[in-house]
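Each remark here refers to the structure printed beneath this line.
Just so it is clear, A, B and C label the chains in written order, and each chain counts residues from 1 on its own.
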Amino acid sequence: MSSPDKERLTWIYTQMLRIREFEERVKRTFEEHPGVIRGHTHLADGAEASIVGSLAAIGPDDYLLTTYRCHGYPLVRGTDAKAMMAEIYGRATGLCGGYGGSMHLVDPGRGFLGTSGIVAQGIPHATGAAYAAQIEGKGRVVLSFFGDGASKQGAFHESLNIASLWKLPIVFVMENNSYNVVTRVEQEDANAAAGEPLAVKAQAYSMPSLTVDGGDPLAVLDAVGAAVERARSGGGPTLVESRVYRLSAHGNIIAPPGIPLHFPEHEAITVFGNAEEYEAAKRGDPVPRFRAHLVTEGALTADEADAIADSVRDEMQEAVTFGLESPFPPAEAAVEHVYA
Amino acid sequence: MAHELPYIAAIEEAIREEMERDPSVLYFGQNIATHENDPFLQAFGPDRVRVTPISETAEIGMAVGAAFAGYRPVVELYMAEFMLVAMDQVVNEAPRFHYMSAGQVKVPIVLKAGYGFTAGWAGQHTGSIYGMFMGVPGLKVAVPATAADAKGLMTAAIRDDNPVVFFHHYLLTLEHGDVPDGEYVLPLGQANVVREGSDVTVVAIGFMLGKALAAAEQLAGQGIACEVIDPRTLAPLDTATIIRSVEKTGRLVIVDQSTRHGSAAAVIAAEVASDGFAALKAPVKLVTALDATIPYSQPMEEYLLPDEAKIVAAVHEVAAAVPA
Amino acid sequence: MWRIRAFEERVGELTRADEVHGLVHLSVGQEGVAAGVCGSLRDDDAVYSNHRAHGHAIAKGAPLDGLMAELMGRDGGVCRGLGGSMHLVDAAHGFLGATGVVGGNVPLALGSALAARLAGSDAVAVVFFGDGAVQSGIFVESVNLAALWGLPLVLVCENNGFAEFTPRSAHTNVERVSDVVAPYGLARETVDGNDVLAVRDAFAPFLAAARSGEGPFLLECLTHRLRGHYEGDPAHYREALAAEEWQRLDPILRLQRTLGVDGVDEETAARADVEAAVAAARESPFPDTRLTRSLVYA
């Protein structure tokens, strides 16, 4: 296991807190400002360690593509939280001018090339970016993030096969949170049903793979870091299965206009009646877990950790205020950007 | 001046010249460049020219991702129906990102696919499904009918910063035509008045152009002067040229090898009915395939499809109509 | 096998003479797989095939007359001329069809297997596909689901090392199809597809288990496509097999050597049956064009 220095550890913790606070503020917007967020938003609270640990393994020139559960990644890459919140609120000052919304954030200048709202369809995009990186020859690596649900899609199979065959500089990071909306992974996955880790699927492509505790950012950093090294040195792709637990429901409720949107309880409780599983996950929450680790190891004092939390709260409050105060785009803007 | 080439060679020439001109152009897909003597492989090497497995979702998706990263892929899909396997990537991914990102990314890809192989290739390989891709915002659709147009439109498609579906008709593969020498770019969205006439406007798509021209020749002998228009691109669609012609003739026949509903012909008819109604002296007549999957057996296959006789009959019908 | 061989060779001739029209894919050289598998099946077992379907249809019991007439586009064809080579169906014999887009047949077979289970029947489903289909997304989606639900399905892969005009190495770096499905835990076997008895013997335990409701299974048959991808393909992309090498591999010659017979009677009978089929097909009229309207909807 690598041992990052205090500055690095502090950075990792700060990013985890920023993601948590941002997602909390998105969720609270439904209660505090009903009607501001429309459609469907998906939160990554619970996956912070996996997101930050993965992104800590790459550099500013590397690429990443994600699913529609995309808020955490650009925050870590340095995208302005104000612009992100404004995008989720549909404002002209949003990251994508209000055109994309929660599921379609992008920041190409920071290597975040995009998302897809369709499960698994971003995996081929990432594979193509890795093909570009390979022939460009500048040593760029691509991280492709997706969930366990995506691993049943043909796009997953086709992309991993090609990436392995062409030895593309890509790391496939599967964030396995054991749920696909209201379905548990054992209900839909032959490997999970047999009690096997999903990482075994990589054998079909002669691709190395491993499973890692996605609640431990340093373990994720080690695992993804090794895979990034392999990719960068021309050794081809790796499938990293990162076990995480999302602490929110899949997304806010889906309802026609007129019915207030909100976040229901987690499916473990509402569908499977398994409150115990959820409670255990909350007890294992990676954010306070990492804080405790840093404080007990002496990397951070409790006061320093609190100060970080305060500053993060202020940052995200600013983001919310900015979003609420920003204007909507003019309606006629809807017909721009159809063609490049 | 010009050099004579078969239709398919004109397309390949365009791809090759663009790859020479612009190192960011890539060419990949199934069954290409698998032997070391392949001309594309020899000219551009295994980085820019690659064979893929049977993985249309990944092929088209990879094109999108490589485009995000600054490249301009041309994907060889062979047959239009194979794109259906990856409909999400074609309709729901490639054309949407430029818009959803408010212009931050662009997807300059070309999806090249043959279509309409109505020569016994049977139900799943013979569709003329270009109509499905019209009206997808952000997606352009080219349907060249001649070698020269094929060259010019492929060049334009590669240079276009948007995703372009480039459909080439299989029965035109070996049709020779004069292709202008040197750099030749035919802008997308420009229809071509192939034959002038003042009595009836005949819009013919792709392979139907040849049949429409033959019908026009026959009709000229019967005293009816047809103006034959080749739209060349279905999205963007040059309705202005078509309406200008209908303002001259007052009568419109549209010839389309696809089935009727959801067809390019239906879209063109609606545009003219909407914006050119005052000029019409007769109802718009559509000559399309009958509504059935293309059958294998030859007489049945021929029965379903538009031919010269059906076009001539349709022209007579609109020519004879007396305005109310 | 002789019936398949005789049929395919005759179809090749008829294609070149343009009596069989359009695109055909012949299975000369792969007869061992079709015969070794289908010989043990019943009419109520569902078999699906791909674009290279003639051999599977014949082995499943589809009549030569009906198949030849179909390839000639006649009304006497199994699909009355509507389907053609890549879309053969003979429901009475459980040959539920050939399909033209690679991989499209695999989920169909899942449906038949599921139906058998729901009906409480011991019928099984078998799907034939080539090594090229394995890299297609549809394949792994189907394998996961079949394995998850334990469907009575046997996946039979004719691994002839080529997908259209490219060798397997251009498609994947996993040589054996059995290794591609390994992560899904299905029982699987790789066998010499040109040894029809070995195919039959490897298939038998899978069939027995499937009949008692278990599954899925993968039978990978290593074989060789003697002709090009389609009839008329000059096949510049691979080296032609030397005649002596083919003598060694030919499934028909091998069986004859094993059994110590010369096969002349079987060959003669097969060629006679095929000629009779050709004659009957030539007599069969082209279908009435109204058929194209009447069969669009059920």
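Observations
Note that in this section contacts are C-beta pairs under 8 Å (C-beta built on N, C-alpha and C of every residue); 3 or more make two chains touch, one makes a residue touch a chain.
All values reported here derive from a predicted model rather than from experimental measurement.
Among the remaining chains, those touching chain A as well as chain B are C.
Chain B has the Cα centre that lies closest to the mean of all protein Cα atoms in view. Two chain pairs, A-C and B-C, are weighed by contacting C-beta pairs, with B-C ahead.
Taking the mean of C-alpha positions as each chain's centre, the chain lying farthest from the centre of chain B is A. Chain A and chain B have centres, each the mean of its CA atoms, that are 40 Å apart. Put simply, the C-alpha centre of chain A and that of chain C have 45 angstrom between them. Averaging C-alpha coordinates per chain places the centre of chain B 35 Å away from that of chain C. Within chain A, contacts with two or more other chains are made by residues 154-155, 158, 161, 165.
In chain B, the residues that touch at least two other chains are 52-53, 55, 57-58.
Among the residues of chain C, those touching two or more other chains are numbered 135-138, 171-172.
The residues of chain C lying in touch with chain A in their complex are 135-141, 143-145, 147-148, 171-174, 179-185. Chain A makes touch with chain B in their complex at residues 63, 65, 96-100, 104, 106-108, 113-114, 116, 118, 121-136, 154-155, 158-159, 161-162, 165-166, 336-340. Touching chain B in their complex are the following residues of chain C: 21-23, 70, 73-74, 77, 79-87, 99-103, 132-133, 135-138, 163-167, 170-172, 236-237, 286-287, 289, 291-293, 295-296. Within the complex formed with chain C, the residues of chain A that make contact are 152-158, 161, 164-165, 188-191, 193-194, 196, 200-206. Chain B contributes residues 30-31, 34-35, 51-58, 81-82, 84-85, 119-125, 290-293, 295-300, 303-304 to its touches with chain C in the complex.
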